[in-house]
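Same chain, two partners: chain A is paired with chain B first, then with chain C.
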Partner chain A sequence: MLYVELLIQGLIYGCMYAMIAVGLTLVYGLLRILHVAHAGLFALGGYLGLLLTNATGSLLLSMPLAAGLVGLLGMVVYRLCYQPILDRPPYVALIASIGLFIAMEELFRLIFGPYGLTYTHAPLQQLFRFSGVTLRAVDLAIVVGSVSLLGSLAWLAKNTRTGIAWRATVDDPQMAGSFGISVLKVRYLNFFIGSALAGIGGIFISLLSNLVEPTMGGVPSYKALAIIVLGGLGNVGGTLIASLVLGVVEAFGTIFIGDYLDRDAIAFGFLILVLMIRPQGLFARS
Partner chain B sequence: MLIYELSLATVVCINIIQAIGLNLITGYCGQISLGHAAFYGIGAYTTALMAKAGFPGPVNLMAAMLLSGSVGAVVGLTSLRVREDFLAITTMGVGFLFLGIVRQQERFLGGELGISSIPSFGLGKPGFFGLTLILVILTAAFSLYLKKTWMGFAFEAVADDEDTARVLSVNVSAYKLVAFALGTAMAGLAGGLYCYFARFIVPDDFGFITSISVLSMVAVGGIGSVYGVILGTVLLTLMPDFFRFISDYKLFVYGALLFAVMRFAPEGLAGLPALVSAKVARTGGAP
Partner chain C sequence: MLRLDGFSCGYGPMRAVDQLQLQVSSGSITALLGANGAGKSSTIMCIAGHVEIHGGSIFYDGADIAGLSPMARVAAGIGLVPEGRRLFSSLTVRENLVVGGYCRLGEATAPTIERVLATFPRLGERLHQRAGSLSGGEQQMLAIGRALMSQPKLLLIDELSLGLMPKIIDACYGAIDDLKTKGMAILLVEQSTQRALEVADMVTVLESGRQVWTGTARQARHSTDMIDACLGLKPKVIERGK
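And then the complex of A and B:
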C-alpha cells in the first residue's frame, strides 16, 4: 500500500507542478525567456484565493476571480518588464525577472506579514477511503481540477481559431505574423493564460497545506524550471509528462535515498542525470 | 565602529573575488552559471574541515581552491553537453544538489546546523582584511591579464559564437573547462576566506540566493568588465547597509533596483556612459 500511496502523492504534486510549469514553458516557447517572476504570480494566486475565500466564504467564486486577476497582472508584467528588453541577451531578462520576483516576495511579506495566512474555514478537508488508501477532498480536487483545466486548454488550442493562431505563433512567429496574426495579442494571451494557471496552482497548494506565505513561490518555481527543461523547453506535452514524472521520482526518492539527499536535491539530481543522457530534454521540440 | 567597517570591507573583498570568478565563466567565456555559490560552499566547507583538523591557513585556502576548481571542471563537463538556458538550469541544479548533500550529512558536515567554532586564521581582523585585499588585487590583476592573452581571445570567441570558434579550430571544449576550473577555483578561495571571516558556516550561506546575488553583482556592474564587476559588487554588497534606515524595505528595494538596472541599463553600470552618450547624440545634445 505504501507504494500506491507514494505514487498518488507523487501524482498530486506532479499536477501542481504542471499548473506552474505550463505557463513557464508557454512563455519560454514564445519568447525564450526564463520567467522566474512566474513564481511571484503563483504566490499571488495563493494569497488572492485565500483572501477572497475568507471574505466571501466561497472557494468556487474566488478561484476564477483570483485566476483572472493574476492573469491580468501577468499581462502587465509582460508589457512593463519583458517587452522592452526582448532584443537583449537572455541573461538580461533572467536577472530582471529574478529582481522582480524578489521585489514581489518582499511586497507580500510587507503587506501580509512574514508568518503567512490560513483559511478561516479550510475547504475540502473531507476524508475518503478507497480500499486502504486515504485521500482528502483537496487531493481529488487538485487532480480533477488540473486535468480538466489543462485538458480544455489543449482542446481549445487544437480546435479554435485563436488556438490555431497561438500554436502557429509559437512554431514560427515571423511566418505567423506575415499571415496576419497579431503576434503581440498572442503574447498577451499567452501571459494571461499561463499566469492564470499558475494562480490556480497557487490556490491548490494553499489548500493542500492550509497556508500561504511570502516565500511559497520559491521552491515550486525552481522545480518548474527544472521541469520545463526536462520536458524539452517550450514543449507543452513534454512539460506535462515531465511534471508527473518529477512528482513521482521525488515521492519515491525521499523514501529510498532521503538519507543522503533532500527532496530538492533528488529532483535536480534527476534533472542533471537526464540531461547528461539526453541534452535536449526528455521530449525535444520537433 | 571601526571594527564594523573593517568587517564590511572584508565582506566586500570576498564578494569581489567570487564575482570575478563568475565573470570569468559568464563574462569572458559566455557560459551562464546559476550555481556559483556551490563552489563558494565547497571552498568554505573544505577550509572549515581542514582548519578544525589543525592544518595551517594558507594550506587550507590552497586546498579549497584546488577542490573547488576540480569539482568545477567536472561540472564544466556538463557545459559540453548542454548550452545556454539548459546550462543555466543545470548549474542551478548543481547548486541545489550541493545544498541537499550538505544538509543531509550530519556526521561530517554538520547538517542544517553547519560547522561552528572554526579556528581563526591568526592575523587579527586588520591583518585578515589586508590578506583579502591582497588576494583581491591578485585575482583582479590575473583576470585583467588573462583577457589580453591568447586564452582570453579564445574565451571571447567561444562567448561570441561557439560554432564559428570551433570551425576556426579553437578547442572550445578545453577552453570551457579551463574557464570553469579557474572561475570556480576563485569561488573556492572566496569561500575559504569567508569561512575564516565568519568562523561559523551553515548550508544556507551557499544557497540559490547567494548564486543569484553574485550573478547580479556581475550583471549590474557590466558583464565581462573587471572594473564594472568590482563596482557592481561594492555597490550591491554595501547597498543593504545604505538602506539600513529603511531596514524592513531593504530587500524590496534591492529586488526593485536589480530589476530597474536590467530594464533601463541592460549593459550594466559599465555600459552606462555609452548609453547616456548615445541618448545625448540621438537628441542632438538638446535637453
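And then the complex of A and C:
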C-alpha cells in the first residue's frame, strides 16, 4: 500500500510540474528562448488564486479568473520583454528573463509582503478513502484538473485549424507565415496558454501547502528547466512524461534516501544523473 | 505570367543575382540552370518574397509585386516548392496540405485535397503519417501538393529531382507536365540539365549571379556552349557595396 500511496503522491507532483513545464517547453519550441520568468507567472498564479479566493470565497470562480489574468500578463511579458530582442543572440533573452524573474520576486515581496499568505478557509481539504489509500480532495483536483486541461490542449492542437497552425509555426515559422498563418498571433496564444497553465499550477501548489510566498517560484523554475531538457527541449509529450517521472522519483526518493537528501536534492541528483547519461534528454526531437 | 526585369537580389550588401531578365508564360515551363551557388535559389526565394530585392522589378499577372509580403504573394497565386522542401515535419501529410491552403480562408479545403491526392495517389495512402517519416520522393510530392493547395497560377520549384530515385523523378515530372498542360506557369530550378531540357520551353543559365545564356529549350538542346557554360561553372560571389 505504501508503494501505491507513493506512486500517487509522485503523480500529483508530476502533474503540477507538467502544468509549469509545458508552457516553458512551448516557448522554447517557438522562440528558442529559455523563459525563466515563467516561474514568476507560476507564483503570480498562486498569489492571485489565493487572494481572489479569500476575497470571493469561491475557488471555482477565482481559478479561471486568475488563470486568465496570468495568461494576459504572459502576453505582456512576450510583448515587452522578448519581442524587442528576438533578433539578438539567445543569451540576451535568457538574461532578460532572469532579470524579469528576480524583479517579479521582489515585486511580490513589496506588494504582498515578505511573509507567506494563507487561505482563510483552505478549500478542498476533505478526505477520501479508496480501499486503504487516503487522498485529499485537493490531490484529486490536481490530477483531474491537470489531465483534463492538458488533454484538452492536446486535443485542440491536433484537431483545430489554430492548433495545426500553431504546430506548423513551431516547425518552420517562415514557411508557416508565408501560407497566411499569423506568426505573431501564434506567439501571443502560446504565451497566453502556457502562462495560464503555469498560473493554475501555482494555484495547485498553494492549495497543497496552503501557502504562497515571494520565493515560491524559485525551486520550480530550476526544476521546470531541467524537466524540459529531460523531455527533449521543445518536445511537449516528452516534457509531460519527464514531469511525471520526476514526481515519482522524488516521492520514492524521499522515503528511501530522504534521511540523507531532501526532496529537491533528490530531484536534482536524478536530473544530473540522467543528463550525464543522455545529455540530449530522454526524448530528444528528431 | 511572370516577368523579371533587370532583377537583382541578395543578402544585405551581398549581391547574389545581378540584372536578370526572365519570363514564364502560362502553360509553359522555364528552366533556370546553373552550378551550385549561381543564384538560382536566391532568385526563386526572392520571387516568393523571402529574399531582399536589390533592383529591377517582378511583374506577375501584370503588376509589380516586389513590395508584397510572402503571404500576399501566395494569396495572389504564387506557389513555392522550396529547396530542401521545408515541410512541417511533425505535422501529418493531411495537416501539411491544410496549412498549404490556409490562405484560402472560407473555402472548403477538402475538394482541393482530393485533387492533390488524385495527382499524387501515394500521398493518399500516407495521409495520417508524419511528413518527417516519409521517403524523400513522398516528401517532394507533398511539397508540390502543399504548394498546389493555394491554387497557384505560377509554381516555383527549386531542385525538383535532387536526391530522388529515377522512378520518383519520373512521377514528379509527370505531374509537372500535367500541370503545365492545364495552363500553369512553372519556373523550374534543376541540377540535372538533361531532365530540365526534356520538359522546359525556355531556358536561362546563371553563372555567379549573372545571366550567361538564354533561349528556347530547343536551341539549348543543340547548343553545346550552353552546356559548357553550365558545367564549367565555379561558384563565386559577386560582392558589392550597398
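Everything below uses one rule, namely that the second predicted complex is superposed on the first by the 284 of 286 C-alpha atoms of A that agree within 3 Å, B and C clash if a C-alpha of one lies under 4 Å from a C-alpha of the other, contacts with A are read in each partner's own complex, and residues count from 1 in each chain.
Operating definition for what follows: contacts are C-beta pairs under 8 Å (C-beta built on N, C-alpha and C of every residue); 3 or more make two chains touch, one makes a residue touch a chain.
Source: prediction; values computed, not measured.
Bringing the complexes onto one copy of chain A puts chain B beside chain C with no clash.
When the two complexes are overlaid on their common chain A, residue A:185 makes contact with neither chain B nor chain C. In the superposition on chain A, contact is made by A:272 with chain B only, not with chain C. Within the superposed three-chain model, A:168 lies in touch with chain C and out of touch with chain B [touch as defined at top].
In the superposition on chain A, A:177 makes contact with chain C only, not with chain B.
Of the two partner chains, chain B is the only one that A:81 touches; chain C does not reach it. Seen from the CA centre of chain A, the centres of chain B and chain C span an angle of about 90°, rounded to a multiple of 10.
Counted by residues of chain A touched, the larger count belongs to B, out of chain B and chain C.
By the touch criterion defined above, A:262 lies against chain B but remains apart from chain C after alignment on the C-alpha atoms of chain A.
Superposition on the common chain A brings chain B within a closest Cα-Cα distance of 16 Å of chain C. Chain A residues in contact with chain B (one complex) as well as with chain C (other complex) do not exist. Residue ranges of chain B in contact with chain A, taken from their complex: 26, 32, 78, 81-82, 84-86, 88-90, 92-94, 96-97, 99-101, 103-104, 208, 212, 215-216, 219, 223, 248-249, 251-252, 254-263, 266. Interface residues of chain C facing chain A in the complex, by the touch rule stated above, are 48-50, 70-71, 73-75, 80, 82, 86, 88-91, 95-96, 98-100, 102-103, 105, 132, 150.
Those residues of chain A that touch chain B in the complex are listed here as 28, 32, 34, 81, 84-85, 88, 90-96, 98-107, 110, 222, 225-226, 229, 233, 258-269, 271-272, 275-276, 279, 281.
On the chain A side of its complex with chain C, the touching residues are 161, 164-165, 167-168, 170-172, 174-181, 286.
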